[in-house]
Each structure stands twice: as structure tokens, then as C-alpha cells.
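We just call them A, B, C, D, E and F in the order they show up, numbering each chain from 1.
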Amino acid sequence: MSRRFVSQIGPQESIDQIFLVSDKQLRPNRSGNLYLQLELSDRTGSVGARMWNANEKINGSFENGDYARVEGSTQLFQGAIQMIVTRISRVESSEVNEDEFQPLTRTEVDRLVLRLGEMLRGMNDLALRNLAECFLMDDPFMAKFSRAPAGVKNHHAYIGGLLEHTVKLMEVVGRLAPCYPELDRDLLLTGAFLHDVGKIDELSYDHGFSYSDEGQLVGHLVMAVRLLDDKVAEAERLAGEPFPRETVLRLKHMLVSHHGEYEFGSPKLPMTLEAVALAFLDNLDAKLASFSQQLRDDPNVDSHWTAYNANLRRKLFKGTHAGDGAVVEAGDEK
Amino acid sequence: MSRRFVSQIGPQESIDQIFLVSDKQLRPNRSGNLYLQLELSDRTGSVGARMWNANEKINGSFENGDYARVEGSTQLFQGAIQMIVTRISRVESSEVNEDEFQPLTRTEVDRLVLRLGEMLRGMNDLALRNLAECFLMDDPFMAKFSRAPAGVKNHHAYIGGLLEHTVKLMEVVGRLAPCYPELDRDLLLTGAFLHDVGKIDELSYDHGFSYSDEGQLVGHLVMAVRLLDDKVAEAERLAGEPFPRETVLRLKHMLVSHHGEYEFGSPKLPMTLEAVALAFLDNLDAKLASFSQQLRDDPNVDSHWTAYNANLRRKLFKGTHAGDGAVVEAGDEK
Amino acid sequence: MSRRFVSQIGPQESIDQIFLVSDKQLRPNRSGNLYLQLELSDRTGSVGARMWNANEKINGSFENGDYARVEGSTQLFQGAIQMIVTRISRVESSEVNEDEFQPLTRTEVDRLVLRLGEMLRGMNDLALRNLAECFLMDDPFMAKFSRAPAGVKNHHAYIGGLLEHTVKLMEVVGRLAPCYPELDRDLLLTGAFLHDVGKIDELSYDHGFSYSDEGQLVGHLVMAVRLLDDKVAEAERLAGEPFPRETVLRLKHMLVSHHGEYEFGSPKLPMTLEAVALAFLDNLDAKLASFSQQLRDDPNVDSHWTAYNANLRRKLFKGTHAGDGAVVEAGDEK
Amino acid sequence: MSRRFVSQIGPQESIDQIFLVSDKQLRPNRSGNLYLQLELSDRTGSVGARMWNANEKINGSFENGDYARVEGSTQLFQGAIQMIVTRISRVESSEVNEDEFQPLTRTEVDRLVLRLGEMLRGMNDLALRNLAECFLMDDPFMAKFSRAPAGVKNHHAYIGGLLEHTVKLMEVVGRLAPCYPELDRDLLLTGAFLHDVGKIDELSYDHGFSYSDEGQLVGHLVMAVRLLDDKVAEAERLAGEPFPRETVLRLKHMLVSHHGEYEFGSPKLPMTLEAVALAFLDNLDAKLASFSQQLRDDPNVDSHWTAYNANLRRKLFKGTHAGDGAVVEAGDEK
Amino acid sequence: MSRRFVSQIGPQESIDQIFLVSDKQLRPNRSGNLYLQLELSDRTGSVGARMWNANEKINGSFENGDYARVEGSTQLFQGAIQMIVTRISRVESSEVNEDEFQPLTRTEVDRLVLRLGEMLRGMNDLALRNLAECFLMDDPFMAKFSRAPAGVKNHHAYIGGLLEHTVKLMEVVGRLAPCYPELDRDLLLTGAFLHDVGKIDELSYDHGFSYSDEGQLVGHLVMAVRLLDDKVAEAERLAGEPFPRETVLRLKHMLVSHHGEYEFGSPKLPMTLEAVALAFLDNLDAKLASFSQQLRDDPNVDSHWTAYNANLRRKLFKGTHAGDGAVVEAGDEK
Amino acid sequence: MSRRFVSQIGPQESIDQIFLVSDKQLRPNRSGNLYLQLELSDRTGSVGARMWNANEKINGSFENGDYARVEGSTQLFQGAIQMIVTRISRVESSEVNEDEFQPLTRTEVDRLVLRLGEMLRGMNDLALRNLAECFLMDDPFMAKFSRAPAGVKNHHAYIGGLLEHTVKLMEVVGRLAPCYPELDRDLLLTGAFLHDVGKIDELSYDHGFSYSDEGQLVGHLVMAVRLLDDKVAEAERLAGEPFPRETVLRLKHMLVSHHGEYEFGSPKLPMTLEAVALAFLDNLDAKLASFSQQLRDDPNVDSHWTAYNANLRRKLFKGTHAGDGAVVEAGDEK
């Protein structure tokens, strides 16, 4: 039987299928009875769930990041769908079709890797092209790079998210460069490729997403510098001549300054044209991804506005037609 | 005799030609004698000048924003060229070829106006196209819009600067839009067109550049809203049907929020995807223009770095080859 | 039977009367059962209420902003009165005496409108008096202006609140002006009249209070400018001569700068004496209203201090006698 | 011969009369010759002056805060009057009519002291009236209090300035109180009287104005608390009964919180209605005094705007007629 | 039977012993039934507790700060121990061994008092030694000083905490001083002794910990100045000669500036070497105490990281071995 | 003839000896004549100097960082000594006794290096001791490390300044550690040793002091990480076993977080006890060094206060005796 995706599920449905589990918590209600609160997701989104009368044994039978078969039914609370779980059991990842659970299919990931190579190998700057090649031909690196998410919970927080964000940013650079001839296009393209490369070790993403200890204590801005140093040394070995000093400096500067402001964790402010452009475009891409997701996922179906987001210090405008169609769709679901 | 442009002038040259005057000040030296300090410019840049033994009569014989014939010679002080003026007299603007004094020639301005119309008339959204047409066919508006600078002293502070900045921003929008299908391209394009439209009355640019009283007291973000309201009313008259309410709201929101943060004078934070994108891209374009100009005009010829800029809280990196060529050029000038 | 006002209700009372409903929410408890949480108010204050074993049908039978007959009883929790509702049903507004539910009675509103006219018509400046008259004789405007609240939840958030806040501010201006002869009294008085005039459309107050879409996207500071422009045009038509340009500029400046700081949404800082005075006095009136209300409504009856207010980053001091009388009153209620 | 006041002096005048000296500096010009730079003032304002070919002996013959007979002539530089001094010699203060040099005459000071007593003795609160009496009958205190300036260089920086600012603030409180019945009028009045009382020792004003060491190290907010403690003890001795504890606390709180924000040196935020009102009204009075002075003294006669004030982060609008009359007056001076 | 300390209690234990009670709240659960939520502590830590089916009578039978005999059992929720209380009754403090409930035993307090006297009497500066003696021989002062906590809930929030923090800081000063001969060791030592002395009246600690009204309205920085003034007067009486003026000023300055920044409630920034050193060392000691406590008490046993602390805007790193041993211990408890 | 040190030079002296040159500028005076402005220093301080009637040839005959023989005389301007130079010529560094020009003599540097080794080799932690040894036995590293300044113009800006600051900080750590047993003393000691190690390449100090390009673009916090990585690898080679992972992480974290706040360029906030302690102690040492220097060098001899320091947003208190002795000394100099 074909899957009913999260984005299709309405209220008052019976459910019996596999989900990816996260944010699991065993909590007492106010009568002292335990219940399980968790998040169930597939590639189209996630839905909150509760299992009443849970206990430590059920809680211990699966972990965040596991797949689980879930039985139960849905209801509408506070304008949002919630699932009441009656049964839940762990499922081996070998038994599921992972493409149903990751926003990016393997085919899409393959396409993005191809495009990445194409753009990097199309650069005119020989030194940068050689440097890029050292990354591209490093299989363990590429395996991590095409699997890492770009974050733990904000934008692009899914397997392949780092790759998708990187390639998107490089596309943007490629399109914008002709408008600004004063920018060194190849330098900016390489900076876009490498800006978040430290995330392959900053994040841990084998089983659920989290920061690694090194990620939290040192950070991807600093960790990327070592990755770059190693590949520059390799590029020099292969080319048999020194890599241009200034180019390395400019690349490192882009890595350590790409958050744009001290308060966002940049130890340096952007001081070259390419570093300024990278910081802005990276921020724009992240903001558009995050705003889009909020507009898409906002549970507040009756309002023209999303719920207030304290981080952004604002609500977002969904438009005067928000909610109109929603009523109809809700009817359709029955 | 062909003009020796500011960008070509070296030390120890005799000068006798016309310049545009600005920043004029009559000041006493410490012996109580008066001297005139002023800035002389043409389309390629500006140079500081001093006329010793000046008096109130000379000072009163021309104004900032005037053209003047200047005789004198140049010297090198603190790494920068300075002109010592021995004679100066006002020249009618009818006697000069203004193309030598404006970064944008009339031909370039005409080309930009054409491109503006082309992009606006190429939009798919009928209502927005009609609205744009109301602006394009308003000759007094277009005369101001293609003459206004984009600022008084930062980026694009020259005749036609507003038009150039606007068209550049629209080009960027056009190129970026395919990367972000969630953006309403035509809405963003119209927002880019109108975002700084209030500057046609915020600034005063008939004789030198300054803020108008209304510009300082009310500001171009608010002034633009009235211009938009008037044209929407006109578009409704011409079309014989109401302009979509939500579209007007979204446009107004882009106008009042495009500085992106409260501290930069936006009374509202961007709360739609298009408003966020507009604020970022406008800021990026302004920053690249202003950084490029600083890198180009930095007087500090011996250093890899520009002078410290207190506004930006940083120096900019000119590169390790900065100054190398400068020595040679300085030799050439003798 | 005469009404028992919210301010008179104690614990352990049986209740059966009409209230105004707001902040309604249908929520599941931790056993998955639904309950209704709501706020019940009349002109003397509001009280939190819960209805156990609610469902979507009850929830759908009335809206925020409706009047409802409520049966139930009160109890004391965490030092505050809470109502447990057993029955609730919608009542037509035609069946209630609205004066019992609005802090301002119609008589009080009428008196405020009279006082407003009196002060405006008493100004010496002919142009400003004419301008004011254009507002006063605009019936639809006056209807909205005397009905709008001054906010959604902070100070003066009730029908007529905008009018009351405005007239109070004008009284303050009238009293203060003799102390500061350097202030243009009539200009400041007109500024006080118009400073929040944009709120008539920024807020939506026919059924509960909220921001309109235009209110959130554009804001009352900007919206007021158009209202002013329209009336200036009308005043010019009526007077047959141009309205003084500088006076309009000074008024607009007061409108757009009256929040006093960029971070509070002013696109301009106050740059005239009258604009500075307006921003301070408006802020003082709002702060006194809001502090008074917190001191009055603080539920924490045992303490000399109100609860910590995160917005204000402080607690307020109620005095060392706070709580003393409260015990006696609580006894009285039984 | 009657005095030519600073406010009347124009360019190209010969001067021979007495001024008050401040901001004296002996400096080398760039040829290594010494000149004296100083500020000359009387009750109507101050004018910059320079004496060429000065030396250490002349420099040592008088101090800041001295009166001096000055001979020389005036000229117009950068839109401002400057005096070129040819002779200068110290004059005993016994030889001058101090009323010509202080913005407040002795008669005005006497009137302010009377008014202060009138308002304090008119309070209804017996305890506060007794406390106030303890201050009023303390002659050394009153001598200092009616002589101290309110600041070193900003608002009310002249002999009697503290008294004038205090009485003005109390007048404002008296007028405003009827609008806000929730305020304790007498408490607020006493707070207004005492808020800056610590300045009598924070500042040093016997010879020019400066901060005392204690003023800079401890500050008038803290110093005022001890003055209050002493007088409360005295009031208790005189009344033979304890002063109400809570009233003392509320007064102290007003003293230590009246700068309104931590960043302005308040160790506490205002947490009572009277403390909030005091902080706002004090700030308003200071801002109006300082803005008025800037508008009045702005040297930039040709502009509608004052020079940019970095502290206020803004220019002030002088009006569109600024400069019109100035030209005529300048002509009158010859 | 010997006490089972909080630090030793595991899940699934039966408990019947005395605790110190704080943070008591009577709250309704979502079915409208009341329960009691409270914090139970002894000298080794505190544990959250709930008593289901509570009522106002039980709630009224004891207060925060009381000792109570508690019967019930423990369970593990969300990684933390929680106690379910079945019976609770107040116990007189005379019946308990207070050393089991205070982090500092009386012996430890006595030792700290001795050490305090030793360090103060060992100073070389005669005036400061005399001043210190006036504090040391004031028995009521010393009783309060050795009993007061250093805070309400952050660092050193226990009986004797102020003394412990003060002596620790003085030890640090004593050890550091030889490294910085430019510091006046005795002045800094006296400043360290007195910096928080105002807390003896700022806090109320007879029954639970809270701020006194004066503490909240005036603050310990200002309150300490009066304590100092009184003792200086006494020292002058005893010595029969004036106390050095500058030394008093420098001490007062240290008291009012020791929070280091305006935003932390210092009305003055540190402007002497000793004031700077005091502010830094006080802050360091407080931070180390608070970080250590968080690392020790973090309930999140499975993680290398503490929970996110919003005040500090960070998590703390517990180390990669955190949680390893915890599992074993949990097993031991059964 | 023995040297007259800068600290001994008074007004009206004839001078003919060698100085270290910095801050050289060729500038026009207001008559268009060139003069040379420069700073002359030895190990005891620096003095401003001017050479009138200079030219480009003289200006080109020596560089900042050179030694030069200077003839001229001193005068007192604005309370400070200034030198008027009549002759200046470059001197080879081989001809001077460098100990007269560097605050630290070679003997002092040698002593500091010894002490550094002693402390590092005295650590109990074997892994850290091995790591330290890898630094200590790296001669080129130690040569740089004992020569680098700690800054370009603030604290410890002299040859050997980095070493002196580092050893001082380690001494402080050694003394403080026994007070805080919760700190890992050896880890903190190693962190203190390495915290500024990146400055050996961040700064350029062969000829005058400045930031290297890499220093400005990448920064010493990031550069230090690579130095650490290299030595850890070496330590592993030598020990034949892996260096403890967690120790490396903790060290790196201390390096990247030691500025303590984002706004000071730390990409991470301190999240371990040792990182917090390091950030505080480093800051304290830097502040005491910088405050001491300001108190010592303040040119304002007549005042109890230093000049206002905009960076610190304060003046510093020199004491009430400041200036008293200065008058006498000035008399002595004649």
C-alpha cells in the first residue's frame, strides 16, 4: 500500500505506517502518569505525537533517529494535526525506502554532486581548479560532504542539506558574477564551495542530528581552515609548485568571516569584496530557506500571519488568502 | 587640448583646466591668514586643493556645485596628491562638456532608461505592468528619476546614480529569481524599481548634493509611499478596475522595510520573502559599490590596506601587490 | 439583579451572568481530553476561566469579542481568582448594556469628543485650526477615532482608548506649554492630536482587537502621513490658499518620529523641539497607564512587588501595605 | 559706556571690555610659535578667541574662571564670529557687575528660592513638608544649592542653573499632577526637589565648572542619598517621631533611579510611578534646554539645520527661515 | 538512623526524613485538581517534589524556609530524580541539626571569620586596619555578615555564602597582589572585604532568601556606602584624627563600581587600578562558582553538555566521560 | 656620555643622542611648507617631535623602526614635553645598545624564558608536559616567541612583550589555582602559555610593529590552532601514542574563546571552567597593564585625572597628589 505522506494527513485518520522518530521525551502528566511525546516525520514534513500510558521500557525500545512503525489516529488541536499513538515499534533501516524519509532522494544528491564538479572544473583559475580537484577526488570527504545536513534545526536540516545549500549558493554566485565585474568570480565560487565545509565534522548526523563536541567547542569556521590547509598542501604536491599565498589568505579570510558580524561568531569582519559578497549571499539563501519553511509549515491555519518568531523578532505575512483554501482541504481529508 | 583627468594627475604637474567644486571652506591658518580649502572633481575622481592667501571676495565668487577654471600645481603629501591653487574663477555650465564631469554620460543614462522600461514592460503580472507604465510615462518623474543621485556621499553619489543603482538591482533580481521559485519575481522587480523612488525628492541635486528639508524630516521610505499611492490611483483610473489590494500592501511593505533593520531607519522589519530579498540585495549592491570605491580611491599608496573606516569598523584588504605598480606610475608622472 | 463586577468577585462564588470573551483556546490536557481556556472581562477587569470536558462544537459556538452568558464558580489558585465554567452560550450585543463592558461609557466618550473639539478650536494658529476642523467635521473619521483602542494589549486597549489617550496627552500639552515658551503650543497640540491617528486603520476593533494586515505591514506612523496629506489638501481647498509648507513638514516629522528611537519603529529621530516633547510625553503617558494597570491588576496578593515583567526588565513596587487589606477583603467575600 | 553683549557682537568690530574666560590653551602653531586659544563669555553667550604671539607669561597671568579685560577685533570665519585679541589682563571679580556675566541675575535667583520654598511649604504631606523644611532652613546648604550649576557643559551649565532646573521641574510636576491622580503629588514634588541635590558637591563651581573628585568617583545619585539620610534624621529629631520608612525608601529610590536607564548611570531602573514620572520629566526638561540652546547658538548661519551633533546622533531643524534674517543683521552690525 | 543526603538519593527509593522547603506552589492540574509543587533540599543539593491531591490546608501548614518531615518515594523523569510526596509536616528548627542543611557548617563559618580577621589585621596600612577593626568588633554587623547569603539564587546562595565568597576573594587578592606591585594591596583587600557588605540588608535571609524592599529599591552598591561612612566616622573618633580623604573616596569608588559595567547596575565604571581588579576578580569568582554548580547539578545525565543556559547564552562542556559513570551509579542505587 | 632617558628629559634642554623612530609623517603646514612629525622613544617612554622645514629627501632617509641620531631642543606645550629637531640621521642598529631602547633587556628576556620552561616542565600532566616540550625545543618558534610584542599599540607593545605577558599570566594562574581546586591547573597553565601564540605570525615586528596580512585577515585565535595541531602531531610521534583527544579539544577551545565575547572576536564563548578563567585573567592582565601605562604616561600634569579615553569610555583617577610633585620636578630641570 502506498505511503500516506505527512503533508497529506488530515484529522480523524487512522494511521499504520513507518516514520522517522525524533525529539522523544518520556514525561509525567500532572497525575503522575507517564506519557511519551515525540516527533514523527517523513520527507514531506513532521507531526507531533503522544502516546499515553507509556513507560520506561517502551521508551527504551527505540532511539531518536530510528525508524518506527506507528499505529494510532489523528486529531486537530489548536489548529494543528496531532497523532495519538497506540503502538510503536522499531524498524531496521534496511527495511525502509530511505527516499521516502529524506527531502533529497539519492538521485537528487547525485545530480547535485555532478553539478558541483561541473561548476568547479569550469573555473578559469588554474590554481583554484587544482585545489577544487583535490577535494572532489577525496572520496571519504565527498561521502561526508554529500551526506551532511547544513544545520541541526534551522535551514537545510536534512541529509544532503549541506550539499544542496552549497550548490544553490554557487549557482547564485555564477548568475550574479556578471553583474559585478569587480568580483573575482572563481575566488568567490571557491569560497562558496568551502564556506561551510567544516560542518562535515561540526555536525554529527549518523543517527539524528546534533553538534559534535569539536563542533561546539571549536566551530566550523575554524575547523574549515585546517581542511583547506591540508588540501592546499596536497595541491602543491601535485602541481609541484607553491600555491599562490595571497589566494590562500583570501580563501581563509572568506571562511573565518562568512558569518558577517562578530555577534554571529565571525572572528573577523569581511574585508574583501568576495568576503562581503559571500556573507550576504549565504545569509540571504539561509533566510529565504528558513522564511519559506516557516510560511509552509505554519500551523496557524486561520490567520494571514505565522506565529510570532522570537528569534526573528517578527511574524511573517502569509497573505490574505491564507486559510481560505485550507478549510476546503481539511474537508477533503475526511 | 584634451583634458587631463583627475585619475591621471600625478605630483609636480602644472594644471590649468576646469573642475567641479565642492566642500569649499574659507579658514584661517594659525597666523590668522585666510586660505581656501576645497575639493575639485571630474568624472574620474576628486582631489583636495588649497589656495593660500584667499579672502572673502574670492570665496564669494563661486559656490559648491559650480564649475571653475583652476590654475596651480600638484604636490604629494602624506601619500596623496594635493593641488595648490593660484587662480580660480567660475565658469558657466553651458561652457563645459558635462560628460567630462559626471561618472555617467548622457548616452549611458539613456541606455539605462531603455533597459528599465524593457524590464518593467517584460513582466507577466498585468497589474504591476500597468502600474510601472504609469511611472514610465510620467515625464517629470522620469526626468527626476534619471537625474537624482542615490546618496549624498556614499555609494552612487553622482547624477544618474539612483537610476544606475536601481537598474543594477533589477538586473540582479532578474538573474537571481530563477534560483528561488518561491519568490514572486514581478513583485520583487517592481519593489526593486520603487525602493528608492522617494529619493527624487529626499535629495536636492540641482547644485551640489544635499538632503532636502522634507528628506531629512520625513525620509524617502515614507515619501515613496505617497508616490506609490498616486500611481496606483492612476492605474486604477486607466484600467477601470481596482488594483489588487494585497499587491499594494506588499509593495508598500517593501518600501518601508527595505533598510532591513530598525536601526537603519526601517519602521518595519521585512515580513515577506520579497521584502527580505530586496533588503539583502539592496544592501549587497550598496556595500559592493562603496567597498569598491574605497579600494579604488584609497590614498594610502604604500599599504596593502586601506585606511581604517570608522563607519565600517574595519580596513579593507587591497592585496599584496597594492603599491607595487604605484611606484612605477609615480615615476611616469615626472 | 445588578451585576457583580470582575473587580468584586472573590473565591468560592457561584456565577451566572454575561461577560465579554477573549483569548479563547481549545486545548488537550495530558490525558488527551479537551478543555476550553478563555478570558472573561467587563469594564472593571478580566478573569481567567477554564471549562473542562469541552469540545469543538462548544468551541465553535462563539468567538473572541462575543458576549456570552457564563455559569460556574470561582476558586483561588496561585493567589489569583480563576473561574470554572460549567455552561457558556453566546449573547447578542443588542441584549447587553455595553457600558458595563467598556471602561469608557458613551457619556464619557461624548465628553472626550467635546473636549477635543474645544481644545483644537481654541488654538490661535489659523492654519492649524482650519486643518483640525477638517478632521472634526469628517464624521466617518470621528466615528472611528472615538471608537478605536490605542493598542492591542498594552495601554488603553479598550473601545475609546485612542480618544482617551489622545485627549489626555493634549491636556498635558496644554498644561505644560506655559512652562516652555520656546515650544510652539499649537503645533504641539496638533501633533498630539494626530500622532496616533493612523491607528484607526492600523488596528481592527470591530470584534476583538488585532492588527490589520496594513497595520502590521505598513504601520500607523506611515499611515498617518496619508491621512494628514488628504486633510491638508482639503484645508487648502476650503481656505483657498496654500497651507504653510513648513507647518506640514513639521507635523509630518512629528508623526514619523514620535516613537522617539529607531528601535521603537521611528524611521526618524525627533529633530524639532515639538517632536522631542511629543515623543517624551506620549511615552510618559503610555508608561504611567501601563505601570498603573500592572500595579492594579497584579495577581500576586501576598507580595510588596508585582511579578517580574520581562518587557520592562523589572518588577514594580506596590508598597509595604500591599496584601494587608487583601486578606481582609478575601475574608469579606465568603 | 554700556556693555556690548556677546549676542550683539558682529564681525569687524573693535572690542575693549571685560569677559569671563574659559577653555584657555597655549598652543604652538605649525611654525612653532605659541598662541593662546580661549573662550570669552558673558550672560548672553560665548565667542571663540585667539591671541597670536602669546607666551607662557601671558598664559600664566590669569586662569579659567577669571574675569579679564580684552582688547581686540572680530572677524567672520566659517560662518562664525571669532575674536583676535591684542591685549588681555586679569580683573578682580569685585570690579565687575556679575549680573552681566551670569544668565541668572541675583534678583532671579532670589525669586527662584522664594518659589521653591512656596511650593515645598504648600505640600499636604506633613512628613515631607517637615523634611523639606530641614533643607530650606540649612543656610550653608541653600547657599550651595542656589549657586551650583546643573552641569559642566550641557544644559543649565551656569551659576544658579541647578536651582533653575529644579524649580522648573517642580513647576512641571505641579501642573502635570492633576492629570495623573494615581501619582503621589507631594512625593513626586519632593523627589523633583532632591533629584540632583548631590550636584552641590559633585560639581566644583567656585572658579570655572568641573567635576569634583568625589563627583567623578562616586556620583551625585549616590551622594544625594547621604544628604537625604542626614535630613531625615534631623526631621525625626525635630518631630520627635520616626519618619515613615516607606516614604524614605521611595525617595531614595527616586534619587538612585532618576537617570532612567542603566546605561545613563542609574544603578536601579524606576520601579514606582513617581520614579518613572521623575525620570521622564527630568530628561524632557534637560533635552528641551539642550536642544533650545543648540538651536539658538548654532554658528551655521546659512543653513536650515544645525551642525551634526554626534552625541544626539542627529542634526536639528532650525526652520526654513533660518539664515534669512541673519544676513540683514550681519549688515546691521557694520 | 543516619541521613540519606540528596546527593545520594537514586530512583525508586522510599524516603522518610527531614528537608528544607522552598519554591512551594499550589497549582491545579488540567482536571482542576490541586497539587503541591515544591523543592526539597539539604546541604548537598535539592530535588523537585510533587504532592498529588493537595489542598489549601496542607499548603498553609508550612512555609518556604521551613523544615518539614517528608514521606514518599522517588522516580526518574526526563533524566532527573523527582520525589512523589505522600505526607508532609512542619518541624521546628530546634529539632534539626542545621549543619545537615547548610553547605557551610558552623565550624566552617567560624574558621572563615577567623581567617577574615587574620587577613584584615595583617594589613600594613594603619588607617585601613583601624577601619577594618571597627567592622570586626561590631558584633551585630559580624552576626549578619557571617550569616547572609551572597545571592538569592545564583552563586553562593546559602547561609554563610557572603562570608565564604568574601574570604575567597580576599585570598585571591592576597595571592595575586605580589604579581602586580602597582596595585595597593591593602586598599584592594579592604575593597574585597567591603564590596558586597550592603548585602547584609539587601537580602532577607531569616526564612528563605529574598530581596528586602530596600535591597530592591536602592541596592547593595549604594547601601554599602552608608555602612562605610558610619565606620569611617567611628574610626576617626577612635583614632582622634581624620581618616585620609582620598582613601575613603577610593574605597567608595570600589563599592559603587564593582559590577564593572553600567548594564550590571554600576553607577560608575572602575576608574582606578584597584577598582578594575576588584570588578574582574569578583566576576571571575562568581562565574567559577556558578559554572561549577551548573556542571555539578546538571540533570542531563546522558550528555557531554549541560542544558542551554539562556542567561549565559551557552551550554557548558561536561566532558566526554560525562554520563559514563552515571549509568553505573544508577545501577548501584538499586 | 651616559644617556639622558626620555623619562628624565624636561623642558628647555638641548638634546643630541640616539632614539628609536616611529609614527613618522611628512605634512604641510598651513602656509604650504613641509614639516616632519615623529615619535622618538627609548625604553623609558616616548616624546613627540617636530622638524620644521623638512622635505621629501630627509623624510626618505630613514624609516619607522629605525634608530636615528637626533639634535634639537625641548619645550613645554599643553603640559607636555615636545622636541624641536634641527638635525636627524639614520644609525645602524649594530651601533646602538638595544637594551637602552627596549623595555626588556636581553637578560630579562632570558630570565623569562627560563621561568617559562620551569613552569611548563613542572606540570604533573604528562601529555601536556610533552606537548609543552615540543614548543620549548623548537628553536625558531622560541626565537619568535621571545621577541614578539603582545600588541601593536596597546598593552605590552614592545619586543618581548608577548613573552612577558605570557609568563605573567602563567604566574597568576599558578598562584590562583590552589584557590580553585575545581580548575585543572595544568590545562589552564598550558592554555595561558598558548593563548596568544598565534601572535608570533599575526604581528610583524622586525622593523616597527604592525599586523601581518595573515594576522589581519585570519587572526591569532585561528592561527594558533594550526600551531597547536602541528605540535600535537609531533608529540604523538615522539610519545608513540595518541595524545588525549579531549585535552586537545579543551586546549583548542581555550584558544578560540579566550577573548571572552563575540564582540571581541571570539568565535566561541568560553564553555569550560578553564576557558572562563583564562579569558578573565588575560583580560585583567591586559587592563592592568594598559591602565598603569595610561596613569604613568598621562601628559596632563596639572590634573588629578588622565585625559578622557574614548575606547575605555572613561578617565582614570591619578590621585589628589598628582601634579604636586610635577611642579617641583619641572623646576629641577632648569
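Rule of thumb we're sticking to: a contact is a pair of C-beta atoms (placed from the backbone, for glycine too) under 8 Å apart; a residue touches a chain by one contact, two chains touch by 3 or more.
Since this is a predicted model, take the numbers as computed values, not measurements.
Counted as hops between touching chains, the shortest connection from chain D to chain F is 1. Chains that count as touching both chain E and chain F, per the definition above, are A, D.
Compared with chain D, the chain whose C-alpha mean position is the greatest distance off is A. Taken over every residue number at the interface, the positions common to chain A and chain C amount to under half, indicating a different-residue contact.
Chain E has its Cα centroid 60 Å from the Cα centroid of chain B.
Mean C-alpha position of chain A lies 40 Å from that of chain B. Taking the mean of the C-alpha atoms as each chain's centre, chain A and chain E sit 43 Å apart.
Each of residues 29-31, 213, 216-217, 246, 250, 253, 271-272, 315, 317, 320 in chain E touches at least two other chains.
A complete list of chain pairs in contact reads A-B, A-C, A-E, A-F, B-C, B-D, B-F, C-D, C-E, D-E, D-F, E-F. On the chain B side of its complex with chain C, the touching residues are 213-214, 216-219, 221-222, 225-226, 229, 246, 249-250, 252-253, 256, 262-268, 271-272.
By the touch rule above, chain A contacts chain C in their complex via residues 29-31, 35, 50, 52, 75-78, 82, 84, 304-305, 315, 317, 320.
Partner chain C is touched in their complex by these residues of chain E: 25-32, 34, 56, 213, 216-217. Taken in their complex, chain B has these residues touching chain A: 168, 171-172, 175-176, 178-180, 182-183, 245-246, 250, 253, 269, 271-273, 276-277, 280-281, 283-284, 287-288, 291-292, 295, 312-317, 319-321.
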